[in-house]
Structure formats: C-alpha cells, structure tokens
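The same chain A turns up in both complexes below, where it pairs with chain B and then with chain C.
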Partner chain A sequence: MAKIEFKGLTKRFGSLTAVDHLNLTIPDKSFVALLGPSGCGKSTTMNMIAGIEEPSDGQILFDGSDIVRVPIDRRGVGYVFQNYAIFTHMSVYDNLAFGLQVRGLPKAQINAKVQQVAELMRLEDRLDWPSGTLSVNEMQKLAIGRSAIVEPSIFLLDEPLSNLDAAFREFMRTELKHIQRQLEQTMVYVTHDQIEAMSLADHIAVMNRGVLQQYGTPADIYSRPANTFVAMFIGSPSMNLIPCQITTEGETELLDVGSAGRIAITDDALRQAARAAPSRDVILGVRPEVLDLVPRAATGLGLQLEVDLLEPIGPRTVVHLRSGDTEILAVKDKRYGTQELEAVTAIPPQAACRLFDRRDGRVLGGA
Partner chain B sequence: MSASRKERDAAAAKLSLEKEQRKLGNLMALPAQLLLVFIVAFPLLMQLYVSTTWWSPLDGVPWYMAYESWNWFANYSDLVQDSRLWGAIWRTLLIVIVCVPAQFLLGLGLATLFVDSFPGKTIFYTLLLMPMMVVPAVVGYMFFLLFQQSGPINDLIGVFAGGPAEINWLNDVNLAMVAVMIAEIWEWTPLMFLILLAGLSGVPEDQMRAARLLGANAWQRFWRIVMPRMKTVIIIALVLRTVESLKVFDTLFIMTVGGPGVATESISLYIYKRTFQDLEWSYVASIGLFVLVALSLLAGLGIWFMVRKSTKPAQVATAQQGGALALQEAK
Partner chain C sequence: MRPSPAQIALRYVLIILATAIVLIPILWMISLAFKPYNEWQTAATGVHWWPKNPTLGNFEYIFTGQTEGLVVSLDFTAVRPIFASLLTASLGTILAVIVGTLGAYAVSRFKVANNLPLSVLQLRLFPPLAVMIPVMIMWAYLGMIDTWWGLSLIYTIVTLPFSFWLMKTFFDEVPLEIEEAALVEGCSRFRVFWKVTLPMVKAGIASTILFVFILNWSDYLMALLLTRKDWVTIPVYMNALATAMSGQLYGMKAALGLIAAIPPVILGLSIQRYLVRGLTFGALKQ
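And now, the complex of A and B:
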C-alpha cells in the first residue's frame, strides 16, 4: 500500500547514464510494468526502488516521503529476483518463514502464516521438501510467497516469467494477476517482453537508454505511441513507419509517399498534426492490423503497392507489401487470399494514424 | 527354444569375456600396486619392526638384524612414562588450540572485509598473502630478530610504555611460547583467509540481497545464509590447519630450538632431537607410530564429523523423493 514517485531520478555508472532524470508516479495498488530493451535502465530503476543501487541524483518517494537514505532492509519492499534467489540450503518451510523468523515472531504465528501463504501459492504439500529439489515453476511461486509473507507495501518482480517454460508462462501470467489482486499491493514488474507487459500491467512505462519514453495504459501505448521508438517496440509485427513528405494542393494537405502515391488528409486530427510539423519530412505510423487492402483504385486515398509475399502465422496472415523502397506490412485474417490481387491499394484509416517528426521521432500534434 | 539358448550362450560368452578383461586389468595395475606397497607399506612395516627392538645405528648392526635386540613393547611402555614426550604433546596441542582458532577468526574477519570491493583491494590482497609465501625457516629467522631483547618489538613497546622495554622474549619460559605462537599465527592466517574468502565468494550475492530485503540484519545473514554454505569449507580449513600445526617444526627450530629448556619443544622437535642428538632410532620409531595413529584418529574424527553434518539421511531421502516427483511432473 504505497504510491511510488520518482523525481528527477538519475543513476550514473562512471560515464554511462543508466537512468536519466526519470519523473514518474506509480499509483497505490497498481500493477506497473517497466518495459524496454536490455540496458534501458529498467532494472537499475527497480534496484533503486529496492535500495540495491543508490541514485546519483533525484528522489524516490514512497507515499510522499523520500526513502533514498532508508537502508535496504527497512524499506518494506518485496523483491522477486530473476533467478528467484531461493535459499537452497533450507526447506521450503524455512524459506517461507525466513522473513518472519528474522523479525522474531512467535513460532505459532509463523506457522499459521506459512500455512496460509503456502495455500495461496499451492505449495502446502511441499513444505518439508528441500527447496533445491523444487521445479523452476515451484521455485517461482516460492520466491513470490517468501516475499509476500512479510506483507511488503511494494512488490518488485524482476523478469518473473523469463525462466519459465512456455506452457507454464501462460498459466503464471494469469496467476500473477490473481496474486496481485489478492495481495492488494503496488507491484512493479520489469520485463523486456512487450506481450507480457501488455497482458499483465495496468500501466506500462516504456524506457529506452535510461529515458522514459511513454507512460500509459497498454491500450494507450499500443494505439497512441508517443514516438517512433515506442511505435517500433510495441506490437508484433510493429507499427509501419512510412517516411513521407507533406505537400499541399489548394486547400488540401497530402502525404507524398514517393512511388506509392499520395494520400489526401481527410481526418481533422491528422491535418492538425501535419500543420504542426516543423518541416515537411515526416513519418506516417500505421498499425498493420488496421490497414485496409482493396483492389487497385486510382483514388488518392491509399498507397499503391505490390504484394511481395504472404506469411501465414496461425490465426493470421502477414502480408508483405512493397513499392520501390517502401515496405509495408499488413495483418489480415488467415483466410486472406491474394492470388488474384498482385497489386493492391492499402488504405490507412486516418483516425488510427500517427504522424512523427522525422528528425527526433516525436509524435506531431500533441498526444 | 533355440533362440533363448543362443541368447544364453551369448550372455555366457560376454560374461567370460568380462572376466578375462578384468583379469587383464588387474594384471596391468599390479606394478602400480607393488610400487604403492613399497612406498607406503614397506617404511611403515620397517618402522613397526624397528620399534620393537633396542636397535640403534651405533650398534653397527644393519637394520634387518635388529631382531637380535628384540624387546617386544619395551619402547612403548617407555613412551607412556616419558614425561618429556607428554610435555611436548601438551605444548603442541596448546599451539593448535591457540593458533588455529586465532588464524580462523582473523582469516574470517579479513575474508569478510575482502568480499566487497574497496580501493586498493588488490594491493592489500597481495600483501596479505605474503606471509604464506615466505619459507617457514625464514619466518622463524624474522621473528627471531624481531623478538630480540634489543629488537624492534621491544622498541615499539618502549614507545607506548614511555620507557625502554627490556623483555627477554625468547629466553623466558612463558614468553617464548607467546612469541612462537605469534609467528605461527602471522604465517598461517593468510591460508585461512584464502580458503575462507573462496568459501565466502561462493555464497550467491542474490541470496544475500534477498535475505536483506526480507529484513535480516548482518548477524542473521551471517548465521543463516553464509554459515550453512561455508560449513564444509570451514571444516576443511580447520582440519588442514590442525593437522599441519600438529607437525609444527621450522619456526620453533629457528626461533628457540625448543628452549629455553623444553619450554617450546613440540612433538616434531622432540623427535628430531631424539633422532639426531640421542640416536635412539628404535624409540623414535615407536613415537612416530604412536603419533601417526593418534593423528589418524583425529583426522578420522574430523571427517566423520564433516560427513555426519553435511548429509542427514532423512534429508537425502526426501530430496530423492522430491526429484522423482518433479521428474514425473515434467513428463
């Protein structure tokens, strides 16, 4: 039960800035994913919350009070390590009881609490096992239970699902969501897997090279990326980023995509974005799922493209389209057949499009 | 029927082939075994044989003729009544009882400091290991000089005491032992440090962090996470240093030659004197055997202790059961 705030949080390792002026508020009882590629500073941020690393600059506040000077063992932070850090020389029971034993609680109380947590984690029939003999999946549950038993106000999980086998990962994803709901704690969770982040978290903080790129709900981040990095990182296949130029013809703005033709802007928001552009060079972002493919038409509404190849991926088919240097992906239903459609017009629904500045990759025309 | 008979024949052939091979293997291992018998068993048996006679090199009789002065167990009954030997044994044990724990505690303390990195660590690390590299006789000589009546240690004490100190370290019955023990501790703390540091470094960092995040203080982390993992390493270090210390010789020989009187005479030093000053070789043989048996018992006790502590039968059983269940689940 704690709100976490970062104010200008910075961590430098020598000349490398791992986290750069991070400002972020994580609301109480929320489930937040720190998402980004390796080396983006997400783990460093988490280590700073836990107290394993000391910030070079800035503040971390729990419920409004700065905790940077609070030692690691008094922060009330539960931490599940990527490798689980199970005390393999102890039994499962002793692992669970550890946090209570070091607090000097009476034995009966410890016993009751361990039973309760073991039941929650479905480890009750493993209690007298040496913890080193557990399967990886059970170790994961033991690690979560061991942290949960001392009722930390903040729960940190470092890549909790990355060591699990694929089948169990699906199961554990829902399990984690249940656990978070039952524990009613603020959970922060580090991952490089965007699907994990999208499916688990209430909010996602996307980071790259130590800088926060975007913070929002999974849906928001997916459909309204704040820059080209987020657009590329989220979604599989990722958003189409099509370099184009803004031209005007009378009253209408057009997006010129070279040999693929031009698109007349009809959507108000997109027009505003185009007018806000500091230069004519922009990037049009459109999700492969929303692209409409129709037989070649001579209208100025879409891009004239040739079908390059089809890539069936189970329930869907990825259509690779090309015109000159422009490569565009579209995701269609698995029944999509283009034998007769060698050449198509791809119509991007303009309300679902984003325009980015080509120099710094930022979205144009506000959020 | 014929098929099963064929199988049986094949099995029999295989069995006889295995027998052949085993025979050949034994034959080929024979020279090595003979060599081992010659290296280990022969000296031991010779020692046992000589120890049951009055034989001495002064007799002018070759050792194999020692039976001429056969005395059964007279040397052993002498040994039991030899107060100088028992004194040497007591002093050796005293050195072990004082020096090994001191080396252990100092080594553990230093190792704890050296687990984390700090500026200049490599330099201190190298410096700390130096005493171990110095030849023991040289260590003896160094401390012989340091502990002279006009030596640096007295000078240093003089500075703190505010007047010249004239402690006669190596010629005082009690202080000589203190000086010798200090030299021993100085020389062998680095080995303890090295072994214990290796043990400490083997404690997973994440587990230490996890324990800390669960609220364990330094003391609790040490006893509940570090110690259980260090147990084997600690026992090995202690057994190693104990057995080595029981044989202490070089430092003593240079610093005091066991003196003043017999105040610092260890078992090895006593054996040395009886061998080369008194030339009582048969008696020395009996002492040697006696010490060997005693040391073997001690080592056996240590190993038994170690094995008993590290494998509890119940735990092994549950571990196997656990492994089997996990395997089933995986399938």
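And now, the complex of A and C:
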C-alpha cells in the first residue's frame, strides 16, 4: 500500500542541518523505528513525511511518486504526536470522529466506526467525556485511535510512549504491535529509547546529528554496528569499545591493549578487518554479554583484568573490569561466582568482535 | 506559617478599605439616581446617604424630557444617545474583534508580516488626543462627522491594536501540534481555524469582546469630536445634562450613569462562563 523512500532528503534550519542527505527505503507494511538521541533529526524527518516541514532538498516518495509538493491535508498519513494534540474542546467521540467527519462520511458509518475503534482502544465507556478530563494513558489511546480510525496507509508515531508510566508503556508496546499487524500499515516510529525500537520495529534507522548511521534489522544493528556511535547507542550496557593498537609478530596480527595485554587474532574476518585498517590505531568492540571470563591464564587470547565492581541487576550481574585505563563491562548470569579484586582473563569470542577505525569510528573490513 | 489573629484582622481591614474605595462611588451614584431634585441640591438638605423620598423622576426626566418639580423641560432626551452608544460601540467592537482575530491568527501561525504586530501597536503609541484633530479634519472631508459609521470606524481603528494583541497571545497559546494533527487528518486550513483553533480560543474572544466593548462604550473624546447631534453618545450627552436655571443635573446624570452601566454588566455576565473556563488546559502533556 505504501512504501516510503527518501532520496537525498535534507532539512536546514538556518545554519543548522537537521537532516543531512538521508537515503532510506521503508518497505510497505513494515514497522520502522527512527532511533537516535534528541536533536538527531528523527522528528524533523517525521514532520517532513507528514508535510509539516518542507524539505530544503531531496525527495520523499510514497510508492514511487514524489509527494514533497502535496499539501499536508492531502497526504493521507496518520500522525500521533508526542504530546497527543488532543482537541480538548471536543468530546472523546468528536475527537475520534474528527477525521471521518472531515472526509464527509455518513453519520451512521461514522458512528459504527467510532464504536469499533473505541472498543479496540478500550475507550468505549469514555465516548461522551470531555477529552480534557482523560488521564494521560487514555489520551494516548485516544490519540492513536483518532489517527488509526481513518486507516491511513502510513502511520507516524512520534515518541508515543515517552509520557506513559512504565507498566502502561509495556502494555502499549505490545498493543501497538497488534494494531500494526491488524491494520497492515506502514508504521514509522520515532523514539530515543533503544529498547522500544528493538522490541517493536522490523527495521531500525539509527540517526545522529541529522545523518543516518545504520539501517537494518534490530538483530543486525545489535550485533553488527556500523560505527562506534551505533555500538554505544544500542544495548544496555552498551558495547565495550576498547582502544588498542595493531601489532604484528611474525605471521600473526595482535591487538595490543596496553597493560591488559595482547590478543592474537585467530578469526579470519577479524584478521581481514585488521589488515584493512588504515592506521594501527583501532577500537575493538565487543558486547558485554559475549565476553568469556576465566581465571587468569597466561594465554595471548584474552585481556588480563581485575574485577573492580560487581553490580547485580536482577537476573544478571554486570561485572566491571579494569586494568590501568582500560575499563570493560561483562554481563554474566546471577550466579556468576567471582569476587571483587579477583584477577581474571576476559576472552572476547573473536567472531563476535568488531574493529572500528579510531579516527572516524567506522567499522573496518566491511559490513 | 499561620497568620496571627492580628494579621488576619489587618487583612480584613485592608480588604474592606479596598472594597469601599471601589464601591462607595457606585453606591453614591445609585443613591443619587433615586433622589428627588431637592435632595441632590446639597445646599438645601445637607448630605445624606440614602434618598429620603426615593423617586424615579430622574429617569423620567431623561427619557421623556420632563418631570414633576422641574420647570425646565428637556428637548433632547437620552433615548437617541443610548441607541447611538449601543450601535457604535457594538459595531466598533465586532469589527475590531473580527479583524483583530484574523490578523492575530495570521501573525501567530504563518511566517508573514513579521513587522505587523509592532506596526499595529504603533496605532497606540500616540495618545488618541494627539491624532484626533487630524482625524476630525479627515472625517469632515469624508463626510463622516456625526454618522454612525464614522464613529464606529474610529472605534474599530482605535481598539484594533488591543483586540489584535490580546488575540495573538491567545492564539500563541494554542499548541501548533493541535492544528498539525487536524491538518494531517485531512482538514483544510480554513476548517482547522474554524473547527479547532477558534473554539479553543473561545474564552479569549469572549474576554477580548468585553474589554474592547468597555473601551468603546466609555469613550468620550472621539464621540465629542466626531459627532454633533444625531449620533451623540451617552458620555457626551451626559456632559451636556445641565440647564441654565438648575445648573448641573446630577440626579439625571447618575440615573443615566446607572443605565450606562447595564450593557457592560449584561455582556460580562453572559460571557462569564467563557471567562472562567480554562483555555487549552490539559491539551498537551509536556
């Protein structure tokens, strides 16, 4: 029904470039999250899809046709605003019926549709309430219902869950996924919460300072970050980024992590990445979850570290490791039996490691 | 901290004092309006608060031109000025609020006419007195002296800055997202204005109408300079309520003042529910 494409999409506000040459294709009926810290251009991108902002440059295509010149009221998108933008001077019913009334549908049809959506959103007993008296959670449901009722082929959600309390947020997260499946829309979702993005989206577009950092499936972005920004932004705790130097000893490449020792590269992909490095200064990226901790061994396979701190977080324990300036986190299960100040060797499984160029943070050796 | 009894007592004294300062002149006017001629002629009976022989004679005199006990009859009653005041003040208010509302919306929502707000304000930078003589000459050339439209027009012009600026602050308070949400739903610009934004500033329109109407209603200067006889308004007429034999007709002036207070009070009461209702309270969760 609606595939969205951005071609060289750019938005400048004075000297500030909010979105910089964005190229992205959002497939039909997919659920895509635009993820990034505040000010990364994700909301501006949404506003350009909806027609609230006009691009400074580039194209937006819905199913192949450029819609940049199409006025806001003709684009047929649904938009749920971060602050809900409820028409507080109207009743809940009138809010829901608004889009249908604009389209001039017959009264009976509007009535039936409003009932149906109200039931879906569990607002059926609130219909004649003044919408200003609803709770935040109900306003949120009303905002989604009001946009969903006209069944737009493109549904935009701008941080819809950020104002909700934790329990209801979990509930709405699953609810949104259901709604999207049911209505079969292309859903674009803006969030700064990586967990929300990971759990909801089919694809995630990570943005920073107006530039697309990476676009891929949640699993892909999680395990194969394209640069150090994505590596830092995704995952909690985030990926360990260990500055190191590439050295060679005979035929073997090694990663020198200063006082923590050296790691001989055994994995082919990692070796290729190391050979592709334009300089010797690189960053080794390894997820805390995959790091193996063993009692101190004298192999050249791991980093010699000391347990600095143990942080039990429910089912798991975050192990803070240190050697000189090098700080590394590992995540182990709850029963992990180690003591603070204990000396351990952390062995990064090399297939799960990424090497980044230390100058621009980009991943080495191709995706 | 809980105030001491002495503090509470002091507060009440101050409140009573403040209330008295506001209310005593009004009470005096009411009392005066119902006093017969010989009672407001203070030289005759001395000052007293309440009329000893309450009478409607003052009202009778300004509406019919004569009353018992007053030899001189009035050849120009208050009926026509009351009508003139009602017409010109209302028309001036309606026009000023319509034009001001549309202009304020444009300036509040579109990046157009960035200098307009200030240049509108410029109309108020001069005291009306400073521009009234040129205006009078212009109006005379245009044949607008002593016409209902001439007076309504100057009321519109003079109160436009108020309605414009008041409405602008009300529109500025309506979040952009509200309108964007309506636009995205497929609403045209005009319909958004009519169905969404305007209802949200209802309270603002109500208070603007009241404010502008009171300004127009109580104008003396402009009506004095721009009318002669046909469209003399209440304040100008009131000033002329005097006779050579009896001097200033205070009782009649008070009666007319009482009547003049009615329209603003009615207007105020009828829009009260909008004045107290919160604006866009709760529309947004920040």
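The rule is short, and it goes like this: the second predicted complex is superposed on the first by the 365 of 367 C-alpha atoms of A that agree within 3 Å, B and C clash if a C-alpha of one lies under 4 Å from a C-alpha of the other, contacts with A are read in each partner's own complex, and residues count from 1 in each chain.
One rule holds in what follows: contacts are C-beta pairs under 8 Å (C-beta built on N, C-alpha and C of every residue); 3 or more make two chains touch, one makes a residue touch a chain.
Since the structure is predicted, the reported quantities are computational estimates derived from the model, not experimental observations.
After superposition onto chain A, the modelled positions of chain B and chain C overlap sterically.
Of the two partner chains placed by superposition, chain B and chain C are both touched by A:Asn83.
Contacts of A:Asp128 after superposition: chain B is touched, whereas chain C is not reached.
Of the two partner chains, chain B and chain C are each touched by A:Ala50. In the superposed model, A:Met139 lies in contact with chain C only, and not with chain B. With both structures placed on the common chain, the touch criterion links A:Asn163 to chain C but leaves chain B unconnected.
In the superposition on chain A, A:Asp325 makes contact with neither chain B nor chain C. The intersection of chain A residues touching chain B with those touching chain C, taken from the two complexes, comprises 50-52, 72-75, 77-79, 81, 83, 85-87, 89-90, 98-99, 102-103, 132-133, 146-147, 150.
Contact residues of chain B toward chain A in the complex are 204, 206-207, 209-217, 220, 224-225, 228-229, 315, 318-319, 322-323, 326, 329-330.
Contact residues on chain A toward chain C in their complex (touch as defined above): 50-52, 72-79, 81-90, 98-99, 102-103, 132-133, 136, 139, 146-147, 150, 163.
Within the complex, the chain C residues that touch chain A are 175, 177-178, 180-189, 191, 196, 199-200, 202, 280-286.
Within the complex formed with chain B, the chain A residues making contact are 50-52, 72-75, 77-79, 81, 83, 85-87, 89-90, 98-99, 102-103, 128-130, 132-135, 146-147, 150.
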